[in-house]
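Order of writing sets the chain letters: A, B, C, D, E and F. Residues in each chain are counted from 1.
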Amino acid sequence: MAINWFKYSAPTTFYPLAGKLIPWFAVSSAILFAIGLYIGFVVAPADATQGEFYRIIFIHVPSSIISMLLYMVMAGYAALGLIFNTRLSSMMASAIAPTGALFAFISLWTGALWGKPMWGAWWVWDARLTSELILLFLYLGFISLHASIDDPRRADRASALLAIVGSVNVPIIYFSVKWWNTLHQGSTIKYSGTSMHVAMQQAMFTMLAACWLYAIVIALTRVRSIILDREKNTKWINELDEVRS
Amino acid sequence: MLEVSNLACSRGDHRLFSGLSFALYPGQIMQIQGANGSGKTSLLRTLCGFITPDEGKISWCGADVCDLDEDYFAQMMYLGHLNAIKDELSALENLRISAGLSGIELSEKDAVAALRRMGLKGRERLPTKVLSQGQRRRVALARLLVNDAPLWILDEPLAALDVGAVALIGELIAEHLARQGMVIFTTHQPLIVAGMEMRSLSLS
Amino acid sequence: MLEVSNLACSRGDHRLFSGLSFALYPGQIMQIQGANGSGKTSLLRTLCGFITPDEGKISWCGADVCDLDEDYFAQMMYLGHLNAIKDELSALENLRISAGLSGIELSEKDAVAALRRMGLKGRERLPTKVLSQGQRRRVALARLLVNDAPLWILDEPLAALDVGAVALIGELIAEHLARQGMVIFTTHQPLIVAGMEMRSLSLS
Amino acid sequence: MSLDIWMRENPLTYVWIGSYAVAFAIFAVEIAMVVHKRKITLQQVRLMREASEED
Amino acid sequence: MKKLSLLSLLILVVRRDLVLAMRRRADVLTTLIFFVMVVSLFPLGVGPEIDMLRKMAPGVLWVAALLASMLSLGRLFSADYLDGTLEQMLLAPQSLSVLVLGKMASHWMVSGLPLVLLTPVLGLQFDMSVPAIGVLMLTLLLGTPVLSMVGAIGAALTLGLRGGGVLLSLLVLPLCIPVLIFGTGAVQAVTSGLNVSAHLSLMGALLVLALVFTPWVTAQALRISME
Amino acid sequence: MKKLSLLSLLILVVRRDLVLAMRRRADVLTTLIFFVMVVSLFPLGVGPEIDMLRKMAPGVLWVAALLASMLSLGRLFSADYLDGTLEQMLLAPQSLSVLVLGKMASHWMVSGLPLVLLTPVLGLQFDMSVPAIGVLMLTLLLGTPVLSMVGAIGAALTLGLRGGGVLLSLLVLPLCIPVLIFGTGAVQAVTSGLNVSAHLSLMGALLVLALVFTPWVTAQALRISME
């Protein structure tokens, strides 16, 4: 087993493997999106208090969760790359970052659109909202640092350190923001705490899985381009079919 | 004793050298040769541990330098392209502080003596900003006199120096070798070290 | 015709040269010689009008260059230590843009032809970032081919070039002189220009 | 204000256009970018390969 | 070989700088993100009371735009200076002022215009009313070019100096204060129901003034810095 | 030749940096002036209502301190990097973390402490009450060292990069948000008559945390950047 892991942590073997996996993940992601949207919009009933507006939840919550999850995954890969000096892990980290940032953006966007009918404002300075915004900044910092360094190895290592420092800070930021908000104004915002309808739950989990698979597909495709770019002087790249044709 | 085995190093996409092996024993001196951009500086910086080699191992007295870390640094001194002196400080302050950074408390008297030996008499207390290029290099080289590390790694120590100073550096190196020191250096000028066989390593 | 009379120039507190006078007529070439730091680059930059001389006058076809200003610039091309090319642009884009900045609209075909003559065939469209030092210098020198200014001011045009390229530059200069052009340049390497008498000026 | 009224009258359109269409548009753009990046990278690798074959 | 007209020279420079900016997208994005970040820091510092935030909003956005544009100015000439292109520009046989104007224009398109376009989103974060956001955008549209142009003078003067960034801000910020005052004044006028045209026409006048004088002044400053 | 202890190494580094700062006084002053200027821009941007200004004051002062300390961070390692001293520091046979801690400390003394000392004057401009100013100073005293320390990580990571200043802010500002929140929170607590000790002890905890971890992380970042 251990040998297998090392085998697939080499770009040489990972590149074709990823190429084979991508179509499967892509197709299942598309199917799950279709199912999720069907359940969410056709099967699930309208919410008692929020009417039809609550249906934003099926995209909002998955993208929020995935944006946070991806940060941890990214930091994990970055740490692996920094500690064990495995090239592939660092490439994965830089492949994940843009997707994570986009999910954070979608979360902010859909949240804002939900806020308008629910709270009457596009944005309030609530703890959750603020910490999601800061998470977006952390992603953007990682991406910008990586892009500013020309030497790929230094770029990987520097941005890995940043990702790790960031992930240590995420809880601190979260609690500080939470505390900050509840200090002056009593909790003006409460999510509808009613127990969820089964169909709603099903829709949400399907969408979550679909988004997760989508993220994997994109990250794998991107990492394949990164491998091609970084290893373009090696022999095995120049012998690939898609390069020779 | 410094041992290098099967070292390979690349910058950017470019492989500079590979399969490089040599050993340097106490009392030995080695010159690295090669055209501009052939990787001399990169090799010296790899030996200092700034650059992680792609392959191969560097060991000091049998132990890998990556593991030794600060113990290795205590045994070594590096003098690079840059002088590592501050324009705003005087030669004296510069020398005492850089000795302090390498863990040695240097008295003012010793520092002045070292600077005089380097031909900076009467200029010890001027800010280095007003010194000429060659004099600034001498301030940097004065560190050789106040340091007891056995391994010297010198990148173009003769740059910007005049004939007298070049001879002085030759003397210093000869003394160091006589004390069972080791020297590894690069230069584009000839350097004569009295009574020592000079090994040389070519990078192509 | 470039005429320099009684020129003096200093950098910082330091007088580099003074009382310098010479004249350069169409079809003539002149090499500036001198040790590092003797003021060669400073002289060329003074001729370009970057540095205002302490004393003396530079005139072009009888008129002071300070008064001519942009009319003088149109008659002149300067190639300095720096290549003035952008890493992010391809060789082709670089050449066309720098021609544009000097007021010439260069067609893609002409630009490609110039780059090929400089030995960059097949590399016209790569970002210059991935080119080697010598190739980058060739991109900069390709400007000589697409410019019709009579006066060339070249600061170390041979730096980083290999033998073939050096010979090519010699040819280009010979052609330019045959067209009644003028060349003033510095170099630390020997440069042979077929059938031309080389004047030289030493700065000490 | 007119947006508020329109929103209350057409909640599903609002949800769809506002959230899902935007989210999927972002997905589409990202997919396009990734595919484009792959195409460009392949092109560059081929260029480099041809350049090195000519030498 | 055809000679270029002044207009096509201007277009050439603008296009060149935009192409370069696109190839170095990170630099452009950082300015933008800095802007968003400074704006978002204020609520965190001042507290989430929406009433106060709404009142502060134009000031905060303007000050953040000022700072972001100051910070990005450091790069206006420095890349060209380091690789020698600036030397060649100074030797161009055509008007240096036109070249400089081109660089200012592309700097604004890359670092001023995106700020203007982002303003509505940030304004909503502060719960500004729609007409206020409109006027704010208009003032930024008139004001940020002035910032780019006045800042270019500072950038040219501090070229290659140690601690250039802070020094640049010191030189330029005082010169930009009128723009800031008229810009925020216009928004405050519209929220208190007053007429904004006076403010806007003053800003327009500043813009015209800057357009006429700053390219020439910057060209002179460049000649001084390159000596 | 006597070997130095860690403590005397620390003192050596701090003294060296302070001497250098004194010989380059302009750099120190520019940070200070930038701080004063940003703080003074706000009343111009927001308008002269004293009630609102009083409420904004802690936030504005904190954000300005954050920005000023970001800008001065660019210089923390860059001078040593350019003249080769940093190389020698990385080869020091003693703990690099201690060296880094020394540099952080002197950076704070030069660019954080003066801000704290200027605060009363600026606070009075915004008509803050005396106890509020006291607490504000206390939080700045606890918070600015954290900014210097966290910022040092960013400075080490962006060493020698194009567009370093803005990038540095982009990396470091989000990480400094907790300090900002607790700092301004404490002042708001004291003005609304609440107990501030919770805020202050949280800031103390952040300070201790930063003291323990950041020197080591910065040392690693330096090693990465020097490769």
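Remarks
Simple rule for what comes next: a contact is a pair of C-beta atoms (placed from the backbone, for glycine too) under 8 Å apart; a residue touches a chain by one contact, two chains touch by 3 or more.
Remember, it's a predicted structure, so these values are computed and weren't measured experimentally.
On a Cα centroid basis, the chain most remote from chain F in this structure is C. Using the average of C-alpha coordinates as each chain's centre, B ends up farthest from chain D. Chain C and chain F, compared by their mean Cα positions, are separated by 48 Å. Once the centre of each chain is set as its mean CA position, chain D and chain F turn out to be 40 Å apart. For the pair chain B and chain D, the distance between mean C-alpha positions equals 54 Å. Shared contact sites, meaning residues of chain C that touch two or more other chains, are absent. Contacts with at least two other chains are made by residues 24, 26-27, 30, 33, 37, 44, 47 of chain E. Residues of chain A in contact with at least two other chains: 137, 140, 144, 148, 151, 177, 180, 184, 232-233.
For chain E in complex with chain C, the residues that touch the partner chain are 1-4, 8-9, 12-13, 16, 19-20, 23-24, 82-85, 87-95, 99, 226-227. Interface residues of chain C, counted against chain D in their complex, comprise 122-123, 125-126, 130. Taken together, the chain E residues at the contact with chain A in this complex read 25-27, 29-30, 33, 37, 40, 43-44, 47-50, 53, 124-125, 127.
Residues 134, 137-138, 140-141, 144-145, 148-149, 151, 153-154, 157-158, 161-162, 165-166, 168-169, 172-173, 176-177, 179-180, 183-184 of chain A are the ones that touch chain F when the two sit in their complex. Across the interface of their complex, chain A is touched by residues 153, 157-158, 161-163, 167, 170-171, 173-175, 177-178, 181-182, 185, 188-189, 192, 202, 206, 213, 217, 220-221, 224-225, 227 of chain F.
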